[in-house]
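Residue numbering begins at 1 within each chain, and the chains themselves are lettered A, B, C, D, E, F, G and H in the order written.
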């Protein structure tokens, strides 16, 4: 058995079947080679990209040429703070990457990078109407997630904690509520700090996990990429296997009879 | 890459090198075949056994014949509540299983199944003097763990939460203190409920994890065994890879410049 | 010294100064007398009321006559699930209770009783435009809370956990973010289970706490009302007094020198 | 009603009845006057003192003269790390302060300041045999606490978190186990950071709380002393009042019928 | 004065020409504090009760405060 | 062909009559994958670059994918 | 050879003179792996079973491994 | 009356024959509340200070209460 989820248990988003339940962000890696090796080690099939003006060149300049063939590029609208900019960025992304999938981000606060959920619902509705497969970065509010599904989003991407904070899942209770009620796949996005966070998200019922900083900024990005791959597999397997209930008291595992020194 | 930890990173206890950092309990499985398949799926090399009077026969009657060859049997002194009984049980176990390794359990309270740490230190000292390789089931008290190491224990096995409770790690802070200070390997014992608990224990610095009820009593013991195998690997990889720090605030992953609609 | 916050530290909402930082709900008490005694014991000046059709009579029939004089009645729009119903209910409440204050509730999900924040912002804006002093029941989303303040709400009332759940503060991190950023008073609403929850909310920076079920449904509502009064005072005092920082390690309180048995 | 617990609910230790359930440490205050005022504001009747060689003089030189009359001085054996030193320090304290009460501290690790519970039980037994009323600083291990009661301790003082850390209650689960099982009063000792920690300890079943650094080192020690007084009262009242159960789901407080806009 | 009127969700024979008549007909003392009325989704202020006409098909809400959280 | 045009937020002398000319003038190979263009807030599809005119005052965005989270 | 012996907590008529005889009498194959014996709180090594005498009042424990956690 | 004595961890020339003499020599008022003394690991009760002899090699602890947690 390897770290990937079995073929018999794919993640299906908008009719597309994915073997890996881990989505990787491509930002903030020490360099291009480490990024490529980490993606490889993670087993991810879908990786994210941002859309920026050409004048702004970094190593990622030819991201498409680099990875276009081997991975599905999922463009985001990171940094957009108005419906108008988010929609236009999504449309440019579709043109640039020849995909109608978009990770919709609509930032409501530059400091916390929390989404503006009211505008988000409106932008999502517009983009769905324009033929997009929309995966919105949202809060863990079960009503917001349901409304996003109602306007036609293909999945929802609630945050575990603020982007890049590494605080993991600050509100597992809400996350579980969202997973229980969502008619579309739930991809945990943002805040993952280490492998157990990813495993826990899957155990709570998430269908997938998106990770960027926790891998890109780890001391050893390749090692952490493999850790996340295993953690997502572990969490998914545990979810399917059905965990034992939490009990407030102890229950002996070894037999209680036949102890030496005891009476007959 | 598979779910096992790399050969280059073995767990070494009393000079013995183990590829798997997962130790399995053999109790409470639905039946013998499920137990054998789960052990196989878990990748564990060491499994535990209890010592009981012959009159008390169950499916495990011929545990030695069943698994003796393929796995290292680690006898425990489960259920003993006096130094005398624990020591004699250990000595009988050595004779019965031809091993001087023992998982020393000395119960101080039948309800919580918490160890009696004062008696435990004394029993451990006696057994070490008698040539045993002692792995004591203990609390997450850093002073108790250090004293157990001081009297010659080969490892310490602090509880995550009460045996069979499935509550996971009720005190990660103490667990981390124990791991930071222990001169001998730390094996998290008791309380694991699901895969992410095992991953987290490894991330906190544990050298291994012992699991029984969480696998044996899961709806699908084989699936949970594989989940635990992956979780221990994930947690260990994450520990070695060096996680990002927790930050109270957000940090954008995508580039902050070159947004459309912005000024030059 | 008594359990009330000092006169020098009033809670000011929309220019109105309140000595007590505790707001009481009037529902679900065993009977009318217990309700009146509990309000008295709590020291609250503001209590909430719902607006319902006259045909539905209970002991609270003459709530106005009962308490109108001694306490400020804060009508809510509990149960409304559309902007239209919430706005009309608020307008009827203004007419019935001769107050332009309203606790705006706009439920997005009958099971979780989570608000629909997108509709909530719209309803709040309408009511502010109509001259109301609006206190919206909302989530702990810092962007939603800021937008509610931006449209003119006099305070925000984020939930600690689902209404009536008694789970306390499921996301203290977000609550603290909301308090740090809110330009208007923050009143913790919903989910309080016991006194320490109320104290903690105040310590996190809330300006007040609203409690109903935790008092009305306690075994001893009067005792719990006094407990909540003391807890809000304790939390407020602690907030103002400036707590010591959390430190990962110990720091001795007694002097470290002059121990007997030590060298000179 | 004031912040003190009602006269009808005293804390009784070794037959002595105390109105206040808060015990104050006297170390680390900015100066002597602040210490005296804080003790006054806290409502405490029992305060602790350490025993040191005369050469080591600080402002507290004449602690006995300062407070001897108005408060009960409870000497501790802080800093002792052997049974012998702890016992002798207790005996010197009895002679110096004319009290047979002693807060027994036996440190097992200078860094964490965790007690050495095995030695602690032995020292407690010796002191009880010598006629002392022993209140041992211990861990939250239910077996250790029971053994301390079994050897005749008048109360147990489990730590909430490391001394001076301000981390509050790191293991509420164990604390509750200890309270449920202890035949003698349980006084939460060490780690309190702010008022809600003290309230929570009382709600979990503690009979009293000991605080030092959280008050002495607060920005405003007097304000925090009053906060702790109110918090202990709030937590005790809440414990006695019987909190509502935690429920995983919401439960409406306002009536569900008679909503406007609904059908008949 | 024919036709029906909907009062708090229930259809009734229209038996009043103004809001104040309706309240009396329903046994609600118009002088009592805490009562409020809406007709067809609009609040009718207390001072307008005597002069606000009702006609067939109107939807009327008559409310007052109850205990609430 | 006078006046200025705003390219990625910078004002420039208008020196091209069509989008494709502009790209060449800016040193962007129009054949290259991953480039997208919007004029005045509307995406111009690659196939329309040769025929889409530019005039003074137009605001043009020229973008491509970068690493992102 | 009179009197009783306590085997795994049960009193029995003493019917064996050595440990190995006792095991056979109890239907335990002495050659079988995994069995261990203690007499009066002391382990009797397998090699000593044939030569270790039993007498009235002895307390014998006969154990083997079972599943355990 | 030769040799040294250890007072609170410090070696001194022995200059007193009894505990009470020693206290005076050390400038500690024996009448003052809160002082306690141990010699060679044994507490000497206040009433015994005048009569308890000191000899070379004795280890003396003189303590009193301080602020403490």
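Note that a residue touches a chain if its C-beta (ideal position, glycine included) is under 8 Å from a C-beta of that chain, and two chains touch if they have at least 3 such contacts.
This is a predicted model, so every value here is computed, not measured.
Number of steps on the shortest path from chain G to chain H, with steps defined by chain touch: 3. Inter-chain spacing, taken between the CA centroids of chain A and chain D, is 45 Å. Centre-to-centre spacing of chain B and chain E amounts to 72 Å, using the average Cα coordinate of each chain.
Centre-to-centre separation between chain A and chain G, using Cα means, comes to 62 Å.
Averaging C-alpha coordinates per chain places the centre of chain F 94 Å away from that of chain G.
For chain F, the set of residues that touch two or more other chains comprises 8-9, 38, 61, 63, 66-69.
In chain A, the residues touching two or more other chains are 25, 27-28, 50-53, 55-56, 58, 76, 78, 84, 88, 92, 112, 114, 163-164, 167, 212-213, 252-255, 258, 260-261.
Of all possible chain pairings, those that touch are A-B, A-C, A-F, A-G, B-D, B-F, B-G, C-D, C-E, C-H, D-E, D-H. Those residues of chain D whose C-beta lies close enough to touch chain H in the complex are 25-29, 35, 48-56, 58-65, 68, 73, 75-76, 78, 84, 88, 91-97, 163-164, 212-213. Those residues of chain B that touch chain A in the shared complex are 1-3, 25, 27-28, 41, 50-53, 55-56, 58, 76, 78-80, 82, 84-85, 88-89, 92, 111-114, 162-167, 193-196, 198-200, 203, 212-214, 216-224, 226-231, 233-235, 237-238, 240-261. Of all residues in chain C, those touching chain A in their complex are 108-109, 112, 114-118, 121, 139, 141-144, 146-147, 161, 167, 170-171, 173-174, 177, 181. Against chain G, the residues of chain A that register as touching in their complex are 252-255, 258, 260-264.
Contacts from chain H toward chain D in the complex involve residues 8-9, 26, 28, 33-38, 41, 43, 45-46, 61-69.
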